[in-house]
Amino acid sequence: MKKIPVGILGATGVVGQRFLLQLHAHPWFEPVWLAASDRSTGKLYREAAAWRLVEPLPERMSTQELRPPRPGDCPARVIFSALDAAIAAELEPAFAAAGHMVISNSSALRMHPAVPLLIPEINPEHLELLARQKQLEWGRRGGGIVTNPNCSTAGLALALAPLERAFGLRKVMVTTMQAVSGAGYPGVASLDILGNVVPYIGGEEDKIEREPQKILGRLEADGVAAADFQISAACNRVPVEDGHLESVSLELRRPASRDEILAAWQSFHGRPQELRLPAAPAQVVEYLEAADRPQPRLDRDRNAGMSTLIGRLRPCPVLGWKFTLLSHNTLRGAAGAALLNAELMRETGYLER
Amino acid sequence: MKKIPVGILGATGVVGQRFLLQLHAHPWFEPVWLAASDRSTGKLYREAAAWRLVEPLPERMSTQELRPPRPGDCPARVIFSALDAAIAAELEPAFAAAGHMVISNSSALRMHPAVPLLIPEINPEHLELLARQKQLEWGRRGGGIVTNPNCSTAGLALALAPLERAFGLRKVMVTTMQAVSGAGYPGVASLDILGNVVPYIGGEEDKIEREPQKILGRLEADGVAAADFQISAACNRVPVEDGHLESVSLELRRPASRDEILAAWQSFHGRPQELRLPAAPAQVVEYLEAADRPQPRLDRDRNAGMSTLIGRLRPCPVLGWKFTLLSHNTLRGAAGAALLNAELMRETGYLER
Amino acid sequence: MKKIPVGILGATGVVGQRFLLQLHAHPWFEPVWLAASDRSTGKLYREAAAWRLVEPLPERMSTQELRPPRPGDCPARVIFSALDAAIAAELEPAFAAAGHMVISNSSALRMHPAVPLLIPEINPEHLELLARQKQLEWGRRGGGIVTNPNCSTAGLALALAPLERAFGLRKVMVTTMQAVSGAGYPGVASLDILGNVVPYIGGEEDKIEREPQKILGRLEADGVAAADFQISAACNRVPVEDGHLESVSLELRRPASRDEILAAWQSFHGRPQELRLPAAPAQVVEYLEAADRPQPRLDRDRNAGMSTLIGRLRPCPVLGWKFTLLSHNTLRGAAGAALLNAELMRETGYLER
Amino acid sequence: MKKIPVGILGATGVVGQRFLLQLHAHPWFEPVWLAASDRSTGKLYREAAAWRLVEPLPERMSTQELRPPRPGDCPARVIFSALDAAIAAELEPAFAAAGHMVISNSSALRMHPAVPLLIPEINPEHLELLARQKQLEWGRRGGGIVTNPNCSTAGLALALAPLERAFGLRKVMVTTMQAVSGAGYPGVASLDILGNVVPYIGGEEDKIEREPQKILGRLEADGVAAADFQISAACNRVPVEDGHLESVSLELRRPASRDEILAAWQSFHGRPQELRLPAAPAQVVEYLEAADRPQPRLDRDRNAGMSTLIGRLRPCPVLGWKFTLLSHNTLRGAAGAALLNAELMRETGYLER
């Protein structure tokens, strides 16, 4: 099978490095174009990127020359974007307008009414929104934009989806304890986080409080109707390298027993599992029985970082049920999410012109 | 003025060390008797205690001989107890039965209907429960037991009290991020907590969900009537040395504006401030305006670790209001709490026979 | 091929867990007997062991029953020992006396004149010492004891061996920065090491200053003649989970250029590589060119934790040359070392009766 | 007594913040002019500085307006400089040329033959070099430049000085484990240092290997003759907030017993102690007897962070003696060092025109 050539926008950052690692050995895709900021243009990848991953930088990728972040420069139709929101807001539509299919991890266009905010296990049908993009300025030449949720939303949405379907959701309270890799590199200064917790992450609470309702929303004639439940989030940064931990309480619309909730999580699966997509975890939501799990350091890499790990399901005196969840923020919360989106799109024909 | 001689039970642990430090230079009290486990009896304090505090061990205290933890051995009537709960359940009543006034940081007897669970700014009148102890077996010879709340309850109760009084409380959700010193020494293993969060602290959630209602309860003829609101807690251990951070959401009974809430905290004070007790903070609840505060490392030592620091008051889509609080777990949450209790008791005549 | 049944002494500790993980899927060995302290006897492995590894506990192992640590109880001749030194001093000779071949990670008998202190790449011929054990009380029934070096010695000895052979060594200065996993579990208290360095590890400096000379010593008629060079060590504990980092300076007997030193490391290999032992790294000593490497978090897992990683070779104004090395303390420094010893012994006939 | 007005160059960085804190309540000095980069000019101090210290920003300082870093703008003759080396190389001579006395923490001019590299307890007579600056271009109008050593040099030089004087030094080996605050703010990225050690700090080893010889050098007619001993340094960054720990080995010229070495440290003092300068520690070098001290977290703040703490003096098989030292890097290693320099200069007439 001939591999699909792809480009990477923002290839040198923390998420860009994950893209590179995932795509370079992928059975379906092949990175042929790497772009970062204008400042890096012309440098070799290994010169421009401060490689921060434990996995070594693949030799073949290390000597690729960085290209300018300009639409006309990219020979591949499909582009993965790990750009910062401010830059993405401008560049992603420009790339789409040039006919590229942009599979983005950026927050810039997630809430745009014509842009799918996609989690393949939950809302694969939202890809139909791409048809609406053809009416937009950026969609006239066949390009499009598909996004994945914020790193702290991803794991939460996967925990909520089975409950919303089985019992209905009314209210959700979530307190996050987020890893430093979520802020990129250099990101969080060590003087800020060593032996400390920072109870604030700019813009983060707003994203968690709005994205899940779109993801779990119903596709209607004129767009996605947001699901009808309230979320309140409190976001904290903790001295952990990878893995966002979240304490969650929620109120269901219909009564559910502990066993029914566990069963809903256990049986949850979707198109990625049916299609056996390469990046799809066999078990989407995995429940850990030990009293003190999940823990970021011990559990984040389970199932290649693509499952939501849950533990400590117990009654909540205020909302009904509470539990703890863990999700790998740069895998299921970023690069892995975009990759799974791309795999679903390929298998369902959305990557063909 | 002649100082009041006091004993310390559990003098070698993390909280016992704080007791020693606070009492050794206190204007009113003087530690004359130090006891730890039988294993330590006869050793010098400096030999038996793994001194873990940044402040140096006072020279005069270092050479005191550790005494056996037996009631008859202690020449002082007043005893501070930093015993573990299991041992305290047995020893504290025994010391009271021998006529000692036990001022305890242990959880063993906090919820006993005749034992004050005291925060001097909130419920000084609960000391009247001591009269009820005279009918108990342990109270026949004039002894008694007074307790302070759990380290994670203390800061929360101080934040809630002004709101309960001004607007009434209906529901409280709290997620804690607790420092390792709360587990004593050696306590949390470094392999468990480096670069990690542990989403479980045995027994902790139960304490936070029940203690505040007793503290904020009304003293009635037959004991304390618990305040009528629900608390749900999720407790996490984080790699922080000192200072418990808590993300709180709550529902009030009567509507309140942001300014009214801030004013309720700002103006909150009680008997310790009126009596100018040595350990009383001038500002009981201090609100920090910066968007990313309070933080454990930067703020825990404000006001000698005796204030509740609050920040980030903002609307909560689920319960109405949410905020972040910080409290020093071994000061206001343990040794400082017991000391303030003792100071109040001295000034209101409860230390006299 | 039928697998060789083996036992594990001290199976529940940090090193014991690594043994279990390595042996359970090994092509040659099969763990059939797990023992820990008397206290654990009769429990299932998963009940008695606080499993601290990121890799999950193999299902088949989790339900094995723990056996008493008594020689007569073990059906396998070969036993891996992860016992603490004090217990090992008594139990390992007892197991050998019962005819077992004990492959030990303990320090108890490393310096015994008849016990090989083995690093297969360096001194495989030291296994001939086993013949001398037949004259000892513990060796009469065909049993024996083989040891691997201390976790901080292993990486150092592998870095020194090529230089000793090529240029001769006269003096070595080493300052270690050691990971907390080296102290076992619970081991180092978090209150001791968060945001801190502890400049003392009991007994450690003595081990590093004496073990390499035995390892690099010449086997003579009456035992091993220690190599003739001086080592001075300063050992520090740092808040790192795995991986010992060491700053080394040394004085050679014969002049060597930078390229000659690099070539000596690069070309270094031994029996494990010739025999293609399963646990042998292809590159024994790997030199990293980046100015700021090796680093524990980024490099410890290279080559399955079995290589010594070196960087920053540069002139030392005092001794001639200096460099930084990294070695995985629970793999090449403990369980992996013992496993490689066992593999070499199997291939060279030492595991046969 | 009228206070001496002073300016601060680089007032918003980590060292600049320490300057502000120390000077604002100093009995002799009063900060009247604060400058940072051009970018900050015109902002209030609290707006431009990311205040990173536990001690609160003094109210009066918080509302000072930041001035441009231009010589003509500063009304005070005395200026404390916390500029980065590259900028200092240009600006400090410019300020001196305008008649300012620059008391600098920067490395830019430390090794200039006419610039004192001053530690008041060691080489107060080096201030006579200021006379030589009058012949330089920057010294024609009465200005001058005085520097303090690098943060990792300061503690080492104080430990070496008593030994050099009493026994003579021949060789020194030092491995540092340096705190993140030494890199300023934001400085070290948390992704680089959490659970890690970075065995490289750009330019640092060169400074430690050369500065002590100048500090301990003899003032001669044509400048300072560097002391005659060799230093070799290996510098590592560790996840510690404040306090540089150093493992040191050394060879003396004349034999010394353990007691003689301890006595040399114990009795060491100089002009700051004789003059009772406000920032001078009573005990310059303090020896800690405990086997596992000094430790950064527990000991860095002793004596207001102005002493060198030493422990673990023991024989070194290679060089003769070895020990561990600790020095607070932003106090004795930066702002406190410059302040002590200024205090000495004031008391010895060097701040008068």
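For this structure, a couple of remarks:
As written, the chains take the letters A, B, C and D, and residue 1 is the first residue of each chain.
Keep this in mind: a contact is a pair of C-beta atoms (placed from the backbone, for glycine too) under 8 Å apart; a residue touches a chain by one contact, two chains touch by 3 or more.
Keep in mind it's a predicted model, so treat the numbers as computed, not measured.
Where touching is counted per the definition, the chains common to chain C and chain D are A, B. Comparing chain pairs A-C and A-D, the larger number of C-beta contacts belongs to A-D.
If you average the CA atoms of chain A and of chain C, the two centres end up 42 Å from each other.
Chain A and chain B have Cα centroids lying 43 Å from one another.
Here the spacing of chain A and chain D, counted between their Cα centres, is 47 Å. In chain C, the residues touching two or more other chains are 52, 194-195, 239-241, 297-298. Contact residues of chain B toward chain D in the complex are 52, 54, 56, 194-195, 241, 297-298, 301-302. Across the complex, chain C meets chain D through its residues 171-173, 175, 177, 194-200, 209, 230-232, 234, 236, 238-241, 245, 247, 249, 291-298, 311-312, 316-319, 322, 324. Every residue of chain A that touches chain D in the complex is listed here, in rising order: 14, 52, 180-181, 185-195, 239-241.
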